[in-house]
Structure formats: structure tokens, C-alpha cells
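Take a look at the structures listed below.
Next come two complexes, and both contain subunit A; in the first it sits with subunit B, in the second with subunit C.
Right, the complex of A and B next:
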């Protein structure tokens, strides 16, 4: 089978997966216990008001009609109207997406760079102090609960240190920008970076360990291969052996890991976004689940699944470029 | 030398105490309506966690924080010398409800016995450290003022009394101590539904404690923790429960919810009468209170009697009510306590009209924690407590209420006249409002009765859920002249005036072109004529100046507000309380160490000289 036939087959599979995912997303949320009205149960919302809300949301219609409405909302790209805010889901997603991409993108890049670097270092020097330190630190940070680390950093750098140093060290308690933000662009940019620091550091500390441990393990296997021994015998510099021959050959599994983390860049980080009051997709999705806001859940999960499916497709296709042994 | 330092020390302590007393006393305001706003700007900011909000107020990032509910936060904030803490009774309560449709809970005596087994004091002291809640014995708490009937049956924790009630009702115990019914048959196993430990740890513990008490008297009962959604589905829709625990808040100024909670017409799927109460006399009283009482006195009589019957039925038993605990940084004055609401939270309208910085009667800014997610600023849809904090400062109503007594006071309507009429065989009420002549919209347009008429008709025609019950009795609205409005309503209830007087007033010139009120986001669309404004145009004391949804909402004072201050006073010159306090603190910081070092030096010198 040639590359074109492979691509065609993968595309057909992808379309089927998308349809199945979209259908499951509709029914799973409706099977879940509870309904969106639960959050309008208050003396201010008597029974007739709640019934009017059900009509307004279209939940009084038969299931097949709701499913058709849902599909048409996906096809128009509006993704439906949120029950809670009465805004188009796509508008709310686009409002939050830049914040999430900024936080998750920057932290993912940093964690990959740091994780791979430490993993290569540890794997290529097995048994050394740097190996021991990388493994220990990686295991420790990976095991830390994110809410604990996030709160610890927030209270230390945003409250105790500012108070102790008279504001010399002072990170913001909440938000993506100052409230209100600076008017001029350079200061605005710096302000965003200032707000980004703590949530980004939290995510990097929590996540880089996973990369380190996997890359280390892959590197240990690779460094024991005959071709590495040959390279050493040829007298190649160590750097060239490690990065040119060792790292190169473990790129396919690393690219799979990176590909899988792409959906996380769009999906956000619920706990970190909540602790630092970061206006992102993760918290949006979490609140939607709590409030049974079906259109938001359906819309955001649709976007997330699309990103995951496409990322998997792309990773599969570029495998051949990274590993010449793979033939379609 | 000793004498000088002693005088200095006493002076420091006295001045500090005096300063704390001055800063923590809240001024009494007795006449409404009052004029304002005094502040130039209010910035509402969002914090997603209580940790962030508490750190923000301690750090000085914000001035005001409401809805403090964790005892640990109350401790921390109370110790901060820069903050004042207020505790207010609020219209909130948590209750245990029994399904009166099922045996043995269909027996009133049995329910009364169980009601005596709720360890309220233990719950308040053990789970809330005795500071954030108050044990509650009345369905309608004292926070409701005149509507609270204190002379009803109550069920304080008393296991002995519970056993006596059961025994007198024909119940008994077998040789193993298990409860048996009047027919001498063992009682079936009963479930007690509560939220899960993960979702609501305190509610879970309360149910656990109560279940333990019920087991002690020989009842076979087990706790059934369910997710909040499942709980509501079982209780509200399916009615498949025995006993459950839940809380409800923002009950409003009048005990109107009693109708929804106990009238037999609401014993339907999704109706609020979850215990399934069906009592003809109670139905009659609640209907009279809700729809037929022409005066508050008449309504009060009906609802007091209804409360007696409700207490005697013991279908829903109160457990506790949470205080509204709020913190504000020292240096603010003019805050007003709103009965059942607190000082700064949603509904505390007068506070924001009257709030100012100490020594600055007009001007200044405050930063306020908004409390939670602001979902929309559409005044027709944003009914949540957090968005209402902002919306009520932008849009006015025809009438307001005295924060202490709850009495109706004029607002956009300077006066009104009630006429009870007969149309055929039906009683109707005609309410004639006289509007303020100097009220304008934020964009400069004059407010007229056409706007009010438009608002009422628009809300009614579109069946806007939040206003259905307020406007359901409106038959006709007319505007004979720009400052007179006539509303004809079914029935002659005193709630007629309260209902139409409380609806949000929206500008006709903006809303008449709105194609779909549901998706309209007035704060996100620019004003068609006035630059710098959005379509979020109200007549209220503040104008939406800037927002970043999910982050902050900046409101600036409406310079043309119809109740603006008569003349803006110039700021008081010289050192304000804050600076004075700061100087005093700096002075104390220097004086106290000097004093201690001197004392130490003198003691040391005396010892040395004694040895010599």
C-alpha cells in the first residue's frame, strides 16, 4: 500500500471516528444524572419559570429533534447557545482560547524541552549523580498534587513574600492581566507575562517529570545498541552520539507523546486555571460539567476531540518522516 | 524616665483602641431613599477560589469581600488589624425533609420524633466551629422581620422527647431495641439521602451525625450519598426518597417560598413541594397570603397561621442558617446593613449608593470581590447573585425597600395610588405610578412612562422566565402622560405593587430593536450613538465603563443620576484616619522597642549595681 492509499484510509477512519464521537457526546451527557434546571432551583425561580427555561433551551423537544439541532449547531460552527450565559459557545471558546493556548502552550513547550533534556542527560549517564537527581526530582514533582503545589506557590509568591519583602517580590493573586490592565502594549505584554509566571511554573514542575522518566528509559535502551557502540568506536564526539544518533532514534515515541499533549494545549488545565483564576477553557469546561450546560460540554468536547483526532492523524503521517524504517 | 515611658505606652494603647473602635463602628442611616453615588468608581474583580480572595483582601488588592463561609478564613481575617468583619443574619436555611407519601414518614408523630433527633448545636459547633452558622428552629427565620412567627412548635435536639413521642404514638421497641410500628411490625429500612463527601463534605457529615442519632433510637436507617444532580433528580423530579438534606439561599424579603414549598398544587414533578404536603387549611392560608391579602397586616395574619401549621406538620425541619460574613478594609464608611442580605452582597444596593472613603465624602474608588462567575450581564437573564451585584447598580426599579424594615419606598416612581375595582365578577387593582421627572438614561435620553410600559410588556410578551411570576397578574399597562403609568392587575394582593415595582426597567430606544432578547449581550455591543458607551444602558447610579469578562467589571459613577448628591463636598484637608493610624502605628513601632530596651537596660543596671 502506498502513502496516498494509506492517507485515504486514515481519512475515512477519521470521519467515522468523528461521527461516532459526536454521537456519543450527545447521548452521554443526557444519560448523566441531573438536568440543567438543578442550578435554577431557587425561590426566585418558581415552577412556571423553570418550565419556561426548559422550553427556551429546547429540552422539552423529543430527543431526535434535539440531536438534529445539535448537529446543525456543529455544522454552522456556532456550537450552540450556552444555557447558562445565553452566548454562542464558539464566542465563549474563542474568548478563552488565547489564554489557554498561552498558558498550556508555553508550559508544554517548557516541560518538553526540560523533560527531554533531563531525560537525555540522565539516560546517557546512567548511574551518575545527574541521573539520580533527575529521576528523584522527576518522581517527586510528578507525584505532587497540582492543587497543593499551585496553592503553595500562590500563597508564597503572591501573599507571604510580598508582605515580607514590602512588595519587592510580588506576583498576582489572580487573573490573566491586571485589573484594569495597562493601556500601552509593551506594559500590557509584560503584565500578561507577570500573570503567566506562577501558573506556568506550576504546570511545568508538575509535568516535566513524566517526560524525563520516559525519555531516560528510551535513552538507556538506545545507548545499549550496537550502532551507538560503533559510533563510539569511530571516535565520534559524545554530543554527536547522544543527540545525533541516540535522541534521533527515539523521536517517534516522543512525537506521539507531544502529539497527545496537543489536545491538552487546547483543553486547558482545570485545577491550575481555577487556582490562579485563569480565564481559560479548562475552567469553562469544568463549570459546564457542574452545571449540566449541554451545549458548552458538547461544543468544547467536540473541539477537543477534533484536535486529538487530527493530532493523531498528523503524528501517524509524520512517523515515516521521522523513522525511515516505516513503510506504508 | 519610667513614668514617661509608662505614659507613652498607655497613650499608644488608648489611641490604638480608639482608632479600632472608630473604624469598626458602622454609621446608622435611618432615612430612605438616600442620595448618591459617592464613589467615583467601583471595580468588581473575580477570584476563582476562596484562597485567592482571602489573600487579595489581606494583601490590599481588594477592599471588600462577601460570602466568607470557612471558619479558617474567618479566623485569619479577624486577626488582620486592617480589616473589619461583619456578621449578618441572612435568608438562608438548611433543612431535613421527609417524604410524607411513604410509610412510616406519613405519620406526623413519627416525623416529629425524628425532628427532635437533629443535633443542631453539635453541627454548629463541631462542623462550623460555632462561628459561621446559627442553629435554626424556625422555617421562617427572624431575618424576615415582621413575617417571622416565633410562636410555633419547634423541635430542639432531645432524644428523650423523641422516644416519648414515639411511645405515645403507639411505637415500641423489640428485644433488640429496634423500633416497631403501632401495628407491632418492624419498621422498614429508611434511606437518608445526602450530597457526597467529595461534593459537599459538611452536608455529608450533617447527614451522618443525624443518621447516627436516628439509629440510636432503634430506627433502621442508612445514609445514601448521591451526587448533587442525582439527589435533585430523585427528590425534585422522581420523588423517590425517604429523607434528604439540602440548603436553600436568597429567599428574598418575603416568605413567598412557603407557597411553593407547601401548597398542594406544587406537589407535582419538578414542583418545590417535595415532601408532598397536602393540607386544605394550609392551602387556603398560603393562597390568601400569596394572592388575596390586600394589606401587609392581612398577609401577616395568614402567613403566621400558615407557619404554625407548617411547624406542626414537621415535613421539612430546619437545621441551621448561615451568617453572611463579610470583610472590608478599614477606611470605608457609609455601608448599610440590609436585612437578610448583609452589607455588600447582591441586593445591598444602598451600601454602594452611600459608600465612601473615610474623610472623602465624595469621590474615590473601591475594589470589590464579585464572588463568583458572572455568566451574563443581560438584565433579563442574569438572575444569579453575582451578576445581580453589577446589574442592580446599572438598572433601577420603580420602587425600592427600606433595608432595615423592608418597607416599600419610592424610587423611579416618586409616588403611587392603589385603586381596587370590580370588573364583572373579578377583583382587579389599578396602580397609578408618578415617575421622577429628572431621571435619565446613561446615554442622556429622558426616562418616561413609555419605557416602563415597554419594559413590562416586553418581559410579559417574551415570557422572560425570571419575571413570569411578577407579571403574571398584569392585565393592562398604559402611559397617559410621560410621567404617569397605570398598571391594571388581577386580584388585590399587596404583592401586586411589590411585584411590578421590582422589575428591571430597560430603555425602549435600545431594546425595541433587539431581535432575540435571549442572546442579546448589551455589555458587548457598542452604543449606536454615544461613543464610549455600550448598550448596557440603565438609569442606575453607575455606568459600565469597562469590562474583561472573567476578570473584572469597572463601573463609574453616573454624573447625571437623578438621586445624585446635592453638592459634591470638597475632600477633607489634612491627615485622614488611615494616615493618622499609620503614623500611630509607625510611632508605636519605634516607641515600643525603645521602651523595652530601656526597661531591659535599667533592670540590667540595677542587677549590676546590686552585685557591686
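Right, the complex of A and C next:
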């Protein structure tokens, strides 16, 4: 199979997944008990906007026509109007999307780098102290709930340490940026970074232990292979054996693992955003669920699933590039 | 598994330190879950206002700076004349029936206006630092009232002989309605506060009980007969109860509503175990069926099932759970059902892959050749061969379910009527445990979730190593 054929297959698969996802969403919000209109139109809206929304979603038409209207609405970014703020959901969501991508993107990259590095270290020095430490840590984080870790970090770095060090160490309890935000760009950047630290560290600590365990066992398998022995016999430096031969050959399964963990990271991000009052999509979804703001629930869930589906596609493409059986 | 194989399994399992420690932790939590009502006298949800909201743990009193904090105090004055009851002072035409319950009667002769005062006092000791609040309850039954005006007042006399008026009926000619004194120090009218010399925002309980020592509760009736008519007033006193909510309580203190945190911790193990185990069973059964059917029948069934698996694996699970549980309703069984239905795809893939391997094996070919039906082959031949995968998967998917339920409860999207560890986090996060640096409210439920989840991780990993040795790490 050539790379082009592989990419084409992945693309088709992604389109199918997107289609199934939006279909599921269509049915979930229409089959629920009660009036489906109640999931799109707030009774508090004035008559004209209710009529406009009826028309926009085609709620008075038969199901199959509704479905087509629904698809074309989603594809053109018409996600409806929030019950609470009475603004367009798409505007609200786009305002928050960069924050969510900043938090999820930075923590995903960090956890991958850390996880791979520690996994390789542990796997190539089996039985050493660093191996034992990473395995123990990896196992322990399997049982640690993300909200517990987040709240512990918050309790320590935003409540205890500011008191103990007289404000020297002081991380913010809430928010994405100070209010009012600093005017000049470098200070603004530092301020966002300062707010980003605790939620990001929470997500990284929760996830990278699991990565370490998997990379470690892949690495142990690979280091027992004959070609590693050959490389050692050739007298190659250890570094190049571990990274050039060992790690290089397990990169494809690692990328699969990253793809499978993405949906969990989104779930973790929703909780972390809620705990640290991060102005992102996850927290917006949570607020919408609390207030029964159905259009926002649909819109944010649609966007969160699109983010994971696209990230998965990217991971699949990287897999294609990494796996020589596909590349050539 | 037959008895012999169970024995073999156990002899391999018990050699694993990880597996044994997991089992020990699990057994501990199971015992706690079953014996919770014996370990704590309180109901985790129903018993509110056991002490002041956000009270400290009782063992804080061993530290000198907390040693004086008040414990919950319920103090009863009986309706009788002696040490446990009242001492009294009467003026004017008042007679007291000394038999319990105490009844006093004011009687004035025809045509002459008389006044009388009945005063009841009780001394008690208060030996703590100031409380945040106190409550007084007492019933007063008016047997007879005619041509008379009365006013009843309740005073508290401090060790320094300052007297504070905390309750007053005002002058009245009718029986008290409702027929009791019901007083909360947080609801004392501004008028009385200003008579104590307090601003409106000050705490009355702290002000009154600012010293340790002998206090006196004084109940005082003043009765004026009308000029002209035969006047009568007869009142039966009920028991007086003084309730001072403690600022320390139990093993872990109280939450914002004054419920016992330690019982919430104990009872929380029930819901976590129940949800974790049942959701894992549902998801493993669905995963087994789906993997077996998709793997055995192949073609369009396989294709459809695997696309559904792809979708469920990609979709963010927690957001989906949040939305669905809010649409379905937030009961435990809905959450169990949703957790089970959303978390089977990973296992279905594993089962399918194993079935694809087995399908070409000779014994399956043979069974098919003699004309066995599809369901016969699936349940008699394939199922026993994939079942060892299921035992470990049940154990390994429990932590996910436990943590998902805890996350939902933490987000206040869980079952509102059930005590759970996630709920303790929710109340801690929303009602000021952080501002108070109340680690005893935050750390224990977190450790409990972590330990219980880890016990299943340990058990699952060990079962996996014992039953599926080919998955063991190559040495």
C-alpha cells in the first residue's frame, strides 16, 4: 500500500466517523423524551427569534428533511443560539477555542515528550533505579483522578505556599489571564503562561505515566531484537542504538497510543478547565450542562469531537510517515 | 473455571506481591462498605447541622491553639424545681404548681388592678471558647388567659453579670402563637442587638459567650391584670433546650451543612464499588458479544461494528457522559448504564482480534464441518477461549468507571441523593474548604479513590500476567 492510498483510506475513514458522530448527535437530541423543540428554542426567546430558529433548523418539517438541514447547518457553522447569553453559539465557541487548543496542545506535547523520554530511559536500562521509579510512578498515576491532582496542586500552590512563603510562590486560582490584562505583549505572554502552568502540569502528570509504561514495554521488546544486537556488535555508540535503532522502530505504535489517548485528554481538559476556571470550550460545555443550555451543549460537543477527530487524523498521517511499510 | 484450575490460578496469583497488595486494599474497602453503619452513628446525607458548618475534626483539640473550641452541646432544663430544673422568684398574686411540668397561675381579684412577676432562673457552666451560634427551644402552653396583659422575656446572664435580652414576646393579651420560644442567635432582631450594644453585623453568640464560667438563663413573665375584670393567666412551662453547635466534630469535621464528613467517606466506598463493578461487567459483556459476533461473522457486520468502535473510541467520553446523563436524568442506574454502554469498544477490538486468530484453528474448522451452528461455535468454542481476557479486563476497567463517576459527582452531575467521594470534592471545592485550607476535607476522599482504583489496577495486572502469559513482558 502506497502512502497516497493510505492517506485516502484515512480520509474516507475520518469522513465516515464525522458522519456517524453528527448522526448520533442528531438522534440523541431529537429522540430524548419531551419536546425536541425544547432542545433548540428557549421559551424565553421573543416570538420572531423562535420563528427564525424554527425555520433555520426546519423543526416543523419531517425528520429526513430536518437531518439534511441539520447537516448543512453544522457544516456552515450555524450552531444555534445560546439559551442563556442569547448570542450565537459559534461566536462564543470560537472565542474560547484558542484557549482550549493552547491548554490541550501544550500539555499533549509535553506529556508525549516526557512519556517517551522516560519510557526509553526505563526500558533501555531495565531493572535500574530509574526504571523502578518510572514504573512505580506510571502505575500510581493509573489510579489518580485528574480532579484530585488538580485540586491538590491548587491547594498547595495557590493556597498553602502563598501563605507559607509570604506570596513569593503564588499561582492563580482562576482564569486565563489577569484582569485587566497586561498591555504589552511580552508581559501578556508571561501572564498567560503563569495562568497556564497549574492546569497544564495537572494534565501532564496525569497522562505521561501511562505513556511511560507503554513506551517502556515496547522498548524492552525492541531491545531484545537481533538487529539491536547487530548494532551493538558493530560498536555503535549506545545513544545511537537506543534512539536511532530502538526508539525509531517503535515510533509507529507510539503514535497509535497517542491517538487512542486523545479522547481521554479532552475529558481531562474539561475537568481541568472547570477546576481552574480556564476560559475554554470544556468549561463552557460544563456551564451549559448545568444550565440545560442545549444549543451550547450540542455546539461545544460537536467542536470537541471535531478537534479529537482531526487530531486523530493528524496522528494517523504521522503514523503513515513513520512506518516504512506504508511510506514506501 | 473448574475447581482445579481455580486452585492453579490462585497458586500463581499469590506469588505476586502486586496482586496480593491489591487484594488486601480491595478487601479493606469491601469491609468498610459493608460495615459503614456500624463504624459511624451518623447518616451521611440526612443528618445535617450535627455541628457548625465546616467544623474542624475533633482531634484538633489536642493542639493548644484549638483546645478551647466548643463541642456540640445540648443542654436541657427540665420543667421542675431543683438542680436540673429552675429556681424561681414570684411577686404579686402568682401561685406556682410545683409538680412537673411547672404551671404558674396569676389570679387577680375583682375590680382591682394587680401586677405580678414570675422569674425562673437556671445556672449552667460554659467551658469553651466562644461559639458561632446557639439556639434555644422551649414550649409554653397557655391554659387560660383573661383580662390580662403579659410580656415574657428570656435573658442570659454572663459570669460578669451582664444581662442580655435575647428574646421577648412583647406585651400581649393573647396566647403565644406558635406556643413556643424558638430562638436562633443568627436571627436575633436588630432592635435587641442594638440594646446589647452590638452593630447589626456582629455575632451575638460570640459576644454573649465570650467568657468561660457560670451563666444563668432567666425566663421572666410580667403580668398586669385589667382594672375591673377578674383577671387570670395560667401557663405551663415545657422543657428548655439550649443547643450550641460545636466548632469541632467527629473524625474529619463537618461539611458546609454540618453533615459528618467521616460518614460520607465511609459510605462513599459503597457507591464507588457498586458503580465500578457493575459498569465494568456491563461493558465487558457488551465488548465480548460485539467482538465475538463481529470477529466470527465478519464482512458487513464486522465492518459496521468496527466503525462504531472507531467512533466511540474517538469521541471524548466524559463530555458525552456529561451531556447524556443530563438528558437521561441523574440517577445511579443511568450512570451505570451509560458508563457500561460507552466503555466497551477497546475490549471489543481485543476480542475480535483473538477471534480472528482462533477462527482458522483446526477445532473450529472441525466443528463447522460437522454442521455446528454459529451460536454453538461462538458460545461453546470461542467464548471459553476469549474468557481469560475478560477476567483481567473487568478488573482493569473498574478504575475508569470509578473515576468517571467521581468526576461526574465532582461536577455536581452525579446522583444528588447518594453520598460519594466525588460529591465530597464538589462540596469542598464549592463551599470554601480551600479558603480554610481544610486538607482533611479534600485529601481523604482523593486518597480513597486513588487507593481503590489502584487496587483494581494491581489485581487486573496480576490476573492478566497469570492468565495470559503470552502478554507477559519478554525478559
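Here are some notes:
Here is the rule we use: the second predicted complex is superposed on the first by the 235 of 328 C-alpha atoms of A that agree within 3 Å, B and C clash if a C-alpha of one lies under 4 Å from a C-alpha of the other, contacts with A are read in each partner's own complex, and residues count from 1 in each chain.
Rule of thumb we're sticking to: contacts are C-beta pairs under 8 Å (C-beta built on N, C-alpha and C of every residue); 3 or more make two chains touch, one makes a residue touch a chain.
Every value quoted in this text rests on a predicted model; they were computed, and no experiment measured them.
In the superposition on chain A, A:292 makes contact with both subunit B and subunit C.
When both complexes are overlaid on chain A, the residue A:201 reaches neither subunit B nor subunit C. Contacts of A:192 after superposition on the shared chain: neither subunit B nor subunit C is touched.
Residue contacts after overlaying the shared chain place A:142 against subunit C, while subunit B stays out of touching range. Residue contacts after overlaying the shared chain place A:154 against subunit B and subunit C alike.
In the superposed model, A:251 makes contact with neither subunit B nor subunit C. Of the two partner chains placed by the overlay, only subunit B lies in contact with A:45; subunit C stays clear of it.
After overlaying the two complexes on the shared chain, residue contacts for A:224 are found with subunit C alone; subunit B is out of touch. Once chain A of one complex is fitted onto chain A of the other, the partner contacts of A:87 are limited to subunit B, with no touch recorded for subunit C.
Subunit A residues 32, 151, 154-155, 158-159, 163, 173, 274-275, 292 lie at the interface with subunit B in one structure and with subunit C in the other.
If you check the complex, the residues on subunit A that touch subunit B are 32-35, 37-38, 41-53, 56, 81, 84-88, 95-96, 151, 154-155, 158-159, 162-163, 173-177, 179-181, 273-279, 283, 287, 292.
Residues of subunit B touching subunit A in their complex: 43, 45-49, 51-52, 55-56, 58-59, 61, 227-230, 232-233, 236-237, 248-252, 256-257, 260, 266, 268, 270-272, 367, 373, 375-376, 378, 381, 383, 463-466, 468-469, 472, 518-519, 521, 546, 548-552, 554. Remark: subunit C residues 307-308, 310-311, 313-320, 322-324, 326-327, 346, 399, 403, 406-407, 410-413, 422, 425, 428-429, 434-435, 437, 439, 442-443, 445-446, 449-454, 457-458, 461, 473-474 touch subunit A in the complex.
If you check the complex, the residues on subunit A that touch subunit C are 13, 16-17, 20-21, 24, 28-29, 32, 139-140, 142-148, 151-152, 154-155, 158-160, 163, 173, 217, 220-221, 224, 260, 262-264, 266-268, 270-271, 274-275, 282, 285-286, 289-290, 292, 297, 300-301, 304-305, 308-309, 312.
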